[in-house]
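Shared between the two complexes below is subunit A, which pairs with subunit B and subunit C, respectively.
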Partner chain A sequence: MNKNYLFLALLMIFLAAGLLFLPERHNYQQIKPQDLMWEAVQTTRYVTVDQVANMIIEGDPTLELVDVRDIDEYEKFSLKNAVNIPFDSLLCPNYQDYLGIEDMNVIFYGNDDIKADQAWMIARRMGYQNLYVMNGGLNSWIDCIIKPQRPEETASLSEFENYEFRKGASIYFTGSKIETSTNKSSVKVVRRKKGAAVAGGC
Partner chain B sequence: MHVHELNPKRTVIAMVIFVVVIVVGLLTLTNPRLKYNVEPPQAITITTDFSSGVNAKEIDNLLSASTSPTILIDIRNHYEFARGHIASAINISAVELLNKENIKWLNELKEDQATVIIYGESHLQANSPWMVLQQLGFDNVTYLSGGYSNYMQFKNTKGENNEFATYEADKAKYNFAEIAKETLGSDVTNTSKKKHTIVKRKKKGKATAGGC
Partner chain C sequence: MGPLIPNEIITGQWDFVIALLIGGAFGFVLEASGFSSSRNIAGVFYGYNFVVLRVFFTGMIVAMVGLLYFSYMGWINIDLVFVLPTYLNSMLLGGFIMGLGFVIGGFCPGTSYTAAAIGKIDGMVFAGSTLIGIFLFAEFFPLFEGFYYANNLGNITIGEMFGLSNEVIAFAFVVIAIVAFYVTWLIEKRVRKNMTEYKFE
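Right after this comes the complex of A and B.
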């Protein structure tokens, strides 16, 4: 037998053995830290509650709302058609299907925007795309959509238009109420006092 | 008769080329400059702990205490920094923090066990850069809870407890279940109490005192 063949075979085995010592790699397609930091300082991932409300009302088929709060908080109150992925279990395999859907815009929200932003960061690091964060979270949702405040009289026209939209959205989400002014103008019936018996007889 | 035996050097040539390709491949394999030192599941457990930040009340004491070196980094832009910043803060943007020199500097600070505090205008602004640094393994980095705006609020109210509230991340401002009940009418509670109408009857007139 040729000695060279023997040597080649040994070399192959030696190199193959080297594979055993390769560091363990997970199947994450992570993006580079520099890129992650670059994206983290951009503000394009934030969507306002008005935009979200508009998307829900218009029935945007690409909208996917993800509630990152705990299950019990989610069960008490959540947005329409939102799925619940608690932040602690963001990486659980059974939730992964919600994130990687093509052409779907995932919008994270929490009580405010901190937890949602953290969820954004972890999911973005994992390489998922089309991820957004609802600015202000549910606190802002209640402030702006459910209980909109009438702007000052001196506010600009766009603020009034925005208010009109919010008021309409509020009716959409809470159901319209019949606003009857209940303070009936009470009619005071003044009766004439019965005439006292005419003083002084005849 | 084998073909190779015609030219016994062929196998040697093949062998040499094979080894050269592998060696060149290994040498040109560049190590990425920055690597995550924290796996994603770990990163989640680190960042869910909202108490890890420094709040506005503590920061002045922390900076004046000389027990451990503390570095304060302002990640806002130059204009905001020029308009006002916490004394002793250095202005470095979040992206610049990952420069070669700054990473080297951060590594030195980590070895010296110095605390690095980063802050932005709001809590949100510093939160994600902080998370990136944590994931790179800089576990000595923390953040100013509530950001510069909360700090200024503390300064302006001079920490009066009734006017100043320490920032709490991801805190529900409302009881959402209550609001849902109020506005969505999900829970119809019929609490209209029936009014008890007390029927007052006229007492039967006493027999007229004094007869005719």
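Right after this comes the complex of A and C.
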């Protein structure tokens, strides 16, 4: 038998046997450091509480709210339809199914931005996409949506419109009664006197 | 990094270009291995020439072991590599028909094109007939559609079926291949003893 064949056969067995001794390796698809850095300094990952409230009210099917607080806090209060992935368990395989769903926009929130931002960073490094952070977290949610403050009289029209939306959202989320404005000034209707002579015309 | 198209490193339009290049290389290897001769191919059944078995087994084990090393190095994501679905009925019948075609015609579809390319008339007839066969298959497909899709095991690999890792399967196949090489070498040596047209080293 040709010696070359013998050598090649032994090489092949050696290489194949080598496979058996390779340590197991997880190829987590990580985002490139420069891309992560670029995304981390952008503010595009933040969504405002108004946007979140609007999505919840409209029943946006792509919305997936992720509460990164502890389970106790989650049980006390959480946003509608939010799933709880405690920050410590983010890397846990049981929770991975919640993150990689196609076409879903995952919005992290905590009591404020910090935990949610960290969760965003970790999930982004794991290669997940369409991740956002609710700006200001639940503190901002309470301040803006549940207890909206009336803007000053000199505020712009858009601020008033925003206030009206927040009041509506507050009613939607808390079920509080509709607040009727008490300082309604009566408008005097001035009617034209009847029987006045027709002015002009042919 | 790889596979290149699913990872969007190159666009999907490249697949025809890549297919052309790989097809050219495949045809070259077939011709260089002597597959354009139907004697070599039909020789498997008569036991005097096992070059087909050796070439395909070699291609398979090199690709298997290579892919697993590539995967380990992170050069290819093996989960994204397409696995052909297994339709058990059609595969068994298809394998039988293919084997029959092999021994009767002396070619398999790919090698008939290599033979046609170097001007062999039997190769051209075989290649032309495959086209007729493809046409008839497509026209009469509704008749045997039920059989064709029966026993669908999905995109399953041997490792998944037996609950073994890909590495163990690759090692087993390498061992099987090397044993097969040795056994066929012995068979060839014995059968060719009285054949004048083959020299054996």
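Annotations for the structure displayed:
Simple rule for what comes next: the second predicted complex is superposed on the first by the 161 of 202 C-alpha atoms of A that agree within 3 Å, B and C clash if a C-alpha of one lies under 4 Å from a C-alpha of the other, contacts with A are read in each partner's own complex, and residues count from 1 in each chain.
As a convention for this text, a residue touches a chain if its C-beta (ideal position, glycine included) is under 8 Å from a C-beta of that chain, and two chains touch if they have at least 3 such contacts.
Only a predicted model underlies this, so the values are computations on that prediction, with no experimental measurement involved.
Applying the stated contact rule after C-alpha superposition, one finds that A:L20 touches subunit C and leaves subunit B untouched. In the superposition on chain A, contact of A:Q129 is made with neither subunit B nor subunit C. By the document's definition of touching, both partners, subunit B and subunit C, reach A:N2. Within the superposed three-chain arrangement, the count of touched residues of subunit A is higher for B, of the candidates subunit B and subunit C. Shared-chain residue A:N81: touches no atom of subunit B or subunit C. After overlaying the two complexes on the shared chain, residue contacts for A:T62 are found with neither subunit B nor subunit C.
In the superposition on chain A, contact is made by A:G175 with subunit B only, not with subunit C. Judged by the document's definition of touching, subunit A residues 2, 5, 15 lie at the interface with subunit B and also at the interface with subunit C. Contact residues on subunit B toward subunit A in their complex (touch as defined above): 4, 11-12, 15, 18-19, 22, 32-36, 39-41, 43-45, 47-48, 50, 93-95, 97-98, 123-124, 127-129, 131-132, 135-136, 169-174, 176-177, 179-180, 183-185.
Remark: subunit C residues 61-62, 65, 68-69, 71-72, 74, 77, 167-168, 170-171, 174-175, 177-178, 181, 185, 201 touch subunit A in the complex. For subunit A in complex with subunit C, the touching residues are 1-2, 5, 9, 12-13, 15-17, 19-20, 22, 25, 27, 29. Those residues of subunit A that touch subunit B in the complex are listed here as 2, 4-5, 7-8, 11, 15, 26, 28, 30, 32-34, 36-38, 40-41, 73, 76-77, 87-88, 90-91, 110-115, 117-118, 120-122, 125-126, 137-139, 142-143, 146-147, 173-175.
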